[in-house]
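Consider the two complexes below, in which subunit A is the common component and subunit B and subunit C are the respective partners.
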Partner chain A sequence: MESKPSTTPSSFIDQQVFPGDVVLDLSKMANQTIKLGGGLRQDGDVISVMKAGKLRFSKPNKYWVESSNKRYVPSAGDNVLGIVVDAKADNFLVDIKGPTLAFLPVLAFEGGTRRNIPKFEMGTLLYVRVVKANTGMNPELSCMDASGKAAEYGPLKEGFMFESSTGLSRTLLSSPTCPVLETLGKKLAFEIAVGLNGRVWVNAASPSIVVLVANTIMKTESLSPVQQKIKVESLMQRMR
Partner chain B sequence: MEQRLGSTWRMTVNEKKFIETALLSDLRTDGRGPFDYRNLTIQFGSEDGSSEVQLGQTRVMGFVTSQLVQPYRDRPNEGSLAIFTEFSPMADPSFEVGRPGEFAVELGRIVDRGLRESRAVDTESLCVVAGKWVWSIRIDLHILDNGGNLVDAANIAALAALLTFRRPECTLGGEDGQEVTIHPPDVREPLPLIVHHLPIAVTFAFIGNESTVVIDPSHFEEAVMGGKLTATLNTNGDVCAIQKAGGEGVMQSVIMQCLRIASVKAADITDKIKKAVGLDGGVVEVAHERYESGLWTLILKNGGVWLLILLTNWSSKEAFCSFTLLHLLEKLRNKTFVLVGKAAWKGVNNLSKEMEKPKMKTEDRSINQDDMEIEIHSSKKDGSSLGDNKPKAFTGGPSSWDPYSKGVNVDELKASLASRAVVTPKEEMDTSPPLKPATDESLKDADPAPSSQETAGTTEHTNEAKTLKDAVKPKHKRKKKKNLHHLFETLLETRLSRCCNVNLLCSLELAIVACN
Partner chain C sequence: MDLEREGGRGANQLRPIDCSRNVLSRAHGSASCSHGETRVLAAVYGPKAGTKKNENPEKACIEVIWKPKSGQIGKPEKEFEMILKRTLQNICLLNVHPNTTTSIIVQVVHDDACAALIDAGIPLKYLAESGKILLDPNKLEEQKTKAFVCLAFPSSVHSVLTEGSINGIITSLTHGVMAVDDYFQCVEQGRAAITPLSNILKKKLQSQSAE
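For the complex of A and B:
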């Protein structure tokens, strides 16, 4: 990884950066507004990195550092997989792998009224959306999308859930489709739900397919796209 | 309170149902069959008696230490064995520092019972002065990562540590024979413990209805299981202990079936442990390669000792010099190694070897034509410190190697030889003077059979002590050396004949490098 400070930001984009790296030199860029996301900090005239990860850029002017952790920091708008821990009068307590439990209001369902509150037992797996997430407060969740429709949120039945890192979740959700899912999808029929908090749920007709998909995803996390394809092919060959 | 809740691992109902349904078709979540163990790797630390076992995701470290203490009143001539467990919070969010929880105590009890009740470790040999001083062996088990089935992994770690542990030798002295002197390891070679058999713990989990039994449960399966059974057995067919603490009731036929399966698995695991420790005398070939200069390298592994053998023919001596170090260093980048011996082979079938002690950089080429025996021992076999990482510094210039002054005592050798059955007639000790000056590396001349392994960095003093000791206690080591030696020879012969187009009457130079 480059340790020389560079004037052109493009040399660092999509590269691994470490805390202390200088990625932008503001004196060379005049009259521009830049938006800094997580992991970056302004030190006078330069922008330096605070978190280890990959530097990302999105047009027109957003920079941020993306890293992969086992812990999840809740942020608004994320789709996550939560596990119901408790049911209170007004909301369900849901664990989303964050620092605190999250609240899911009992009315946050499509067509939800006091009369038809859903009954979730302890340990139910839910696909939910994070509505509010402020530091120090318990995050708030919802089983509806912004417009009030159910839209796939809600409890997930059957299948198998496993936990991994947030980086894997992002890879699985990236577009174009990540090579693992593509190769698996060509031959096998399965259903998958990915939470940005590192939880992945897989379901298929037979348990062997579920086990195959789950293990393949876990094992190919650290490989490059080409390697992933090769590994998946070989694993599938063995099953056939 | 909520903070704590946030860090525990939770199960979903989906998982429970899935694991049970998958088991109906004999499939487990990590792709194993119901009676498959996970990958087992056993590694050793730099000290004697330290081991690290990895069983899938589960990691356990074992340490064995010893101390001289007063014996128990009712057993005045037996040493004692104690097991301590340490459940580190980094292994699992539910483990806490401080007093061991219920499960920690149970694990300690299972391992302890397996070793103590079955008398696997010979405690009577630990007695020094009856009624006054005995050795107390302490086994510490540290749990580093909980991926399920801690009991089995801890048991294997304890056994591996016990097998590689060496206790200091002590002698009685003083006026009334009551004074005990403990000799430090560089004065007298430390001794291994006498372990009669290896009790292996095999854990079964009962999931769903009682007929579904799985072996070696993973973290997921342990959270879903209804009951657990641990059977400790050894390869002689003895059941050393069984533990079933609570949980679902199971039928007698299921228990008998479990015991049958456990005995098969126990044999398997015993093999693996023995191979890792190096007791089975097996030499594993890791790689071999041929270079243009006519240099052949062969990398073998026996337990924790690696052996790099360089073979070359006469004409390419110069190439040998230059290639040796480069390729050695390349191949064994991560290991410290020590050049300990060199020999010349005359022909393949006529295993007359000559011993020449080399230096690292400059190698003196004139080889003596006499028949000379080289005895090279495995560090494990002789009980010298296993995995000694300190490479002996090679001095650039010649160091005097005088066979008569430095630890090869011909009389003692002859005595030790006489006390043993010599294997082949050609194995005579002949320390002929015109040997090249050499470093004081581990040439042990005590064993009659030229064996293959070499110690990394043992001193001449230990050589001497070993000679005496070997003369006194030949039984323990003889068999192993013979096996090893035999195996090594066969291996080398096959390799030579295969690799080198050997109809050879030409001499081959053999440089033996040990590293760990």
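For the complex of A and C:
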């Protein structure tokens, strides 16, 4: 671990931080507006860490802690994969791996009216967008994008869904395309939907391709990009 | 009168510590921790919706289940559960997820000394044996002593503040008879030993989550 604290916050950026670590001292920074993302909280005059993870900073003034968990903390604007648990009069209750169930209003579909309410059975997998996620309230979901179009949201039929950590989901969704998906995509044809809550859905023409893609993604989670490429190549060799 | 301890440890040395994260694939969070021969496995499930009947719905509720290595669940286990629960409630920020329950299940794998607070904060144990104070006893030493104290301190933190160290105690559990001065000495020794202990733990946790 590094030797003792200097007063500049840059000493902690991109470092592993633990709950309780103090990362910013507001009294030393003159009139600035700082935006705090997940994992940080304000404790009087200092900013301290709530969750263990890597501290990240993006100009001009955003700080957040990146951590990878099996549970998801809902936040507005995320695309997640949810499973329908119950259907009530006004909304569907959907499990998105968060602290509470989320509500999907029955009318939140493109062209949705009281007359054509979709019928989802318990256990249906849905690709949805989180509209609102405030603490203490159940999150609200929608099957439309911000402008009211359907845009790929909705039930996912067939295929295979597996669960992993939120960190893996973020890696899969990063741009430029993550090496695993790129290498797999060069040789195989498959469909994939990644939810920021740690759920991934894969579909392909034959089950063996689905299994290969799913296993590859799960196994290469903890490898570096170069290692990932090598591992994917070797797994695909075995298939041929 | 110099006390001799098994294994040649000095009065102030700790037993070897090991800890690893994410050992259980189905639990939402898990850790296995060992101090010398004592090993404990802890699993966390949550936060899940809903609180228990008597708990405050504005805060998150923490539920602790303590499973001993053998035997039925009796009063000592309930006591450990309560101690752990109180300790954790003081550490966790309970307002972040109101009206949820987080379950923590602690399984004692190998019981050498009282593994009561192993996962929370940084716990230490002291003995006072006719005037001498020993750090981190094992079971034999524990049985010989007049009194022992189990203390949980907050772990040392890295800070951009140049002054201000953490100087509180989260939990203190005492057994037996000891003088007031001895107790304070135990507290001081414990506080001094926190820094190396938490550095070791952080290193272990960091190397595992480095990917």
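The rule we apply is simple: the second predicted complex is superposed on the first by the 201 of 240 C-alpha atoms of A that agree within 3 Å, B and C clash if a C-alpha of one lies under 4 Å from a C-alpha of the other, contacts with A are read in each partner's own complex, and residues count from 1 in each chain.
Here is the rule we use: a contact is a pair of C-beta atoms (placed from the backbone, for glycine too) under 8 Å apart; a residue touches a chain by one contact, two chains touch by 3 or more.
As the structure is a prediction and not an experimental result, all values here were calculated from the model.
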Item to complete: Using the touch definition from the top, say if A:20 reaches subunit B (first), subunit C (second), both or neither.
Response: second
>> Let me test your reading of the model: by the given contact rule, A:66 touches which partner, first (subunit B), second (subunit C), both or neither?
In response: neither
Check your understanding: Counting only touches as set out at the top, which of subunit B and subunit C does A:201 meet: first, second, both, neither?
Key -> first
*asked:* Between subunit B and subunit C, whom does A:210 touch in the aligned arrangement: first, second, both, or neither?
replied: first
Problem - First, second, both or neither for A:191, with subunit B first and subunit C second - result: neither
For A:158, is the partner it touches subunit B (first), subunit C (second), both, or none of the two (neither)? first
Inquiry  = Output check: A:99 vs subunit B and subunit C. Expected answer is one of first, second, both, neither. What do you get?
reply    = both
Interface residues of subunit A shared by subunit B and subunit C, listed 99-101
The answer for subunit A against subunit B in the complex is residues 83, 85, 95, 98-101, 121, 123-125, 156-161, 163, 201, 206-208, 210-212, 214-215
As the complex stands, subunit A meets subunit C at residues 1, 5-9, 11-12, 16-18, 20-25, 41, 46, 50, 52, 68-71, 99-101, 135-136, 221-223
Subunit B residues touching subunit A in their complex are 2-3, 5-6, 9-18, 21-22, 25, 27-31
Seen from subunit C, its contact residues with subunit A in the complex are 28-29, 46-49, 93, 95-100, 154-155, 157-162, 166, 199, 202-203, 205-206, 209-211
